[in-house]
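See the structures that follow.
Note that chain A is present in both complexes that follow, paired respectively with chain B and with chain C.
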Partner chain A sequence: MGEMTGPDDPRPPRRNPAAGFRVFEGEATIVLPDGSYIQVLNETGSRIWDLLDGSRGVKAIAAVIAEEYDIAAEAAERDVREFVEELARHRMLERP
Partner chain B sequence: MRVVVSGLALNLEGLSSEDESLIRARYGIFIQDGPGPPGEPRVEVVAAEVPAFLVPRGIQEGNPEFYRLEQFWQGDRLFAYSYDFAGWYDRVSGEGQLALASSQCEALCRAVENFLRSVMAHRFLEEGAFLLHGAAIVRGGRAYVFYGPSGSGKTTVTLLSEGGLVLGDDLVLIREGESGCEACPVPFRGHYRKPPETDRGFPLAGFYRLVQDRSDSLEPLSPARGAADLMGSLPFVMEGGRPGHALEVVGRVVSRVPVYRLRFRKSPDFWKLVSEEPWEK
Partner chain C sequence: MNPYQAMIARRWKAAAPYSALFELTYVCNHACSFCYNCPTGEKELGTEQVFEALRKIADFGVLFLTLSGGEPLCRKDFFAIAAEARRLHFAIRVYTNGYLIDEAVAERLAEEVRPFEMEISLHGARPGTHEALTRVPGSFVNLVAGVRALRKRGIKVLLKTPITKMNMSELREMKVLADDLGAGIHFDPVVTPKDDGDQEPLQMGADEAFLKRWWSDEFLDVREEKVPVRRDDREIAAVCGTGRSGFAVDPYGNIYPCVQWRRKVANILEISSLRDVWKGSPVLAEVRRVAEEIPRTTLKNSDVGEFTAFCAGVAWLQTGDPTRMYPQAELTARIRKKAYLEIRARSDAGEAIGEMANVFEKCGE
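Right, the complex of A and B next:
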């Protein structure tokens, strides 16, 4: 497994490949490989989770969210950054 | 001695005839006589050479812990131990060993049962089924599964359900059967005295997360929230196991069976709410 990452890491964030996740009717349930963290993501969180494939940085993900959900780019970037920070804190992300 | 739960067998070898009688009396219909097919999983039971494997915490502080079981995986081998037992089970070879530190009736039954609970929880998950910390009651041919941690009211619900067939008050097996998702009894129970009267599965009506309250109410949970909530009531398999696989298995079930949060008083009235809900998705 690669090293864990955070929102300020210049490399694109990527989902921890060892984490389990499943999408149900637009909402995702995610679980850490050691079972210590289970979280339900709303529709937007699930979309961000889907975009965290290691090919885009935070700004690029925020741009997609801003367009798809019709929200201001600055607000989208702030929300995505906070969300990525939280995921990183729970070891749900890693460096590619 | 052959323990068979929902078609999954485990042979316990090396028990004295006296100990076998104790376990047979507790597990009833889940004990099958005669040898199983060659290569069937087996656990050798031996006497431990130490007085204990864990020391209870909090005794000196006057606040002893209720119970503790530790487990970990090393390759394909599951290790589980508590105060009075230590054992391992190899999921590839199907071989295992259980060392018992006490031959006293209650301690022996507890040690064998807790080791079996751990091993069977992992084995069922590999088979695409799961043990749930829950009580199951059959009414009208369908199983209503009430789940939650210790103290949430599982045994209380069984006592408030006159006329229903109680499959268990502590653990229940959830599996996908030929006719859909089913709840099946297991020999492991909590405070409920009677062993299950049947080992067959019943179609699931729904899952109900118990919350004791001053009034009754029923709140549907989305499949994602239902899955997350159920995952919190899976014994043994979340620590050191394969939670991602557990989510896959639980996810298949919650896509077909509704999950609710049930707030209830200590009254059978909650059945009015539960019975009115449609069970099909």
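Right, the complex of A and C next:
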């Protein structure tokens, strides 16, 4: 597996390709092989997870969230950054 | 209830399966005397057909995929199949006998498959015992080396052991071995019939005298279930997850409600989507109805129903009626109830005993 990324990494964050995941009723369930970590994300978290395909940076993802959920851009970026940080802490992201 | 448990409960209620067991082949490099597989001689699915099946299973929303057999690593295209499963974002479990896992295979499993768990069958603590069941010299040594190679790479390993007359005196040694290897171990005191109903394997199962010892304090250190738990069918009425939380696919592409209850639902290559079959199948409708009926009738009418781990598939194989209580289930439940009542009496008398309120984890949960 490649090196894990964090929110301050200039490269776009990407889902850990070793993660198994599915979305059910808008909520993503994610299973990591390392330690069999399982996480269920809420609807917004699941949408961010969906956007973490390595093609967008945190700002671009926050812009999508701000528009779709009708929230201020600044607040969206702060929330997305925190969320991405948490995902990175749990080794759920990887550098592309 | 944490968010994961809540998601599982919602999917059970909606009969939206999250797990599938895929028997990739019935070819095996072992000759276990109690193997439940019954190959028909039909042509097994080719690589592209397995890919097609995996895509349909993924499209259906299944998260957990168990690659099983026979021995799945006997397939020359195993790693191609596993790579496709990875591409489709399954959480992968591999059920194997471990015989083919050397350092190179373990490395490929770690790099290319990344299973969240490897389940490996262990039949004894010593080569002689294990190999008396597998009937393959060297299978014990290979298994142990394979587990070490997997653990070295951080892959979680669960050893699975059906308790038989041959290994029931080595359970503690097997636990020590598992601990030494850094693996978990699950002992199953129930041996099941073959898929075609042949009950010969039951002769190898642990006898009543041993089962009484198993549910006593004697095996508290190796038993996962410290206090025999009781059923709770109030939240989810179905006796188990058959046709509800998961399903099984055999090497010919036939879909079954679960690995044990082999009533054919359809062939995965002959359908355009699992979603349609799942909703419209009369077999699945019947299976789900029966699974909900069992707690209300069979178990309610039995004085040991609350302690019964009931498998409709085994009942069907043994009695021809999926709702009928079968001898193994009743005997085990009777012993478990007696053990529970003795422990409860000790608890009532002031002895500190945890886990008294735990309830059954349903099969398929």
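A few points about this structure:
Here is the rule we go by: the second predicted complex is superposed on the first by the 94 of 96 C-alpha atoms of A that agree within 3 Å, B and C clash if a C-alpha of one lies under 4 Å from a C-alpha of the other, contacts with A are read in each partner's own complex, and residues count from 1 in each chain.
In the analysis below, a residue touches a chain if its C-beta (ideal position, glycine included) is under 8 Å from a C-beta of that chain, and two chains touch if they have at least 3 such contacts.
Since the model is a prediction, treat every value here as computed from it, not as a measurement.
When the two structures are aligned on the shared chain, A:32 is found in touch with chain B and with chain C.
Looking at chain A, you'll find residues 18-25, 27, 29, 31-35, 38-40 touch chain B in one structure and chain C in the other.
Residues 18-25, 27-29, 31-35, 38-41 of chain A are the ones touching chain B in the complex. Chain C makes touch with chain A in their complex at residues 2-4, 6-7, 10-11, 16, 18, 61-64, 86, 89-92, 114-117, 154-156.
Per the touch definition, chain A reaches chain C in the complex via residues 1, 17-25, 27, 29, 31-36, 38-40.
Residues of chain B touching chain A in their complex: 222-225, 227-228, 231-232, 237-241, 243-248, 251, 254-255.
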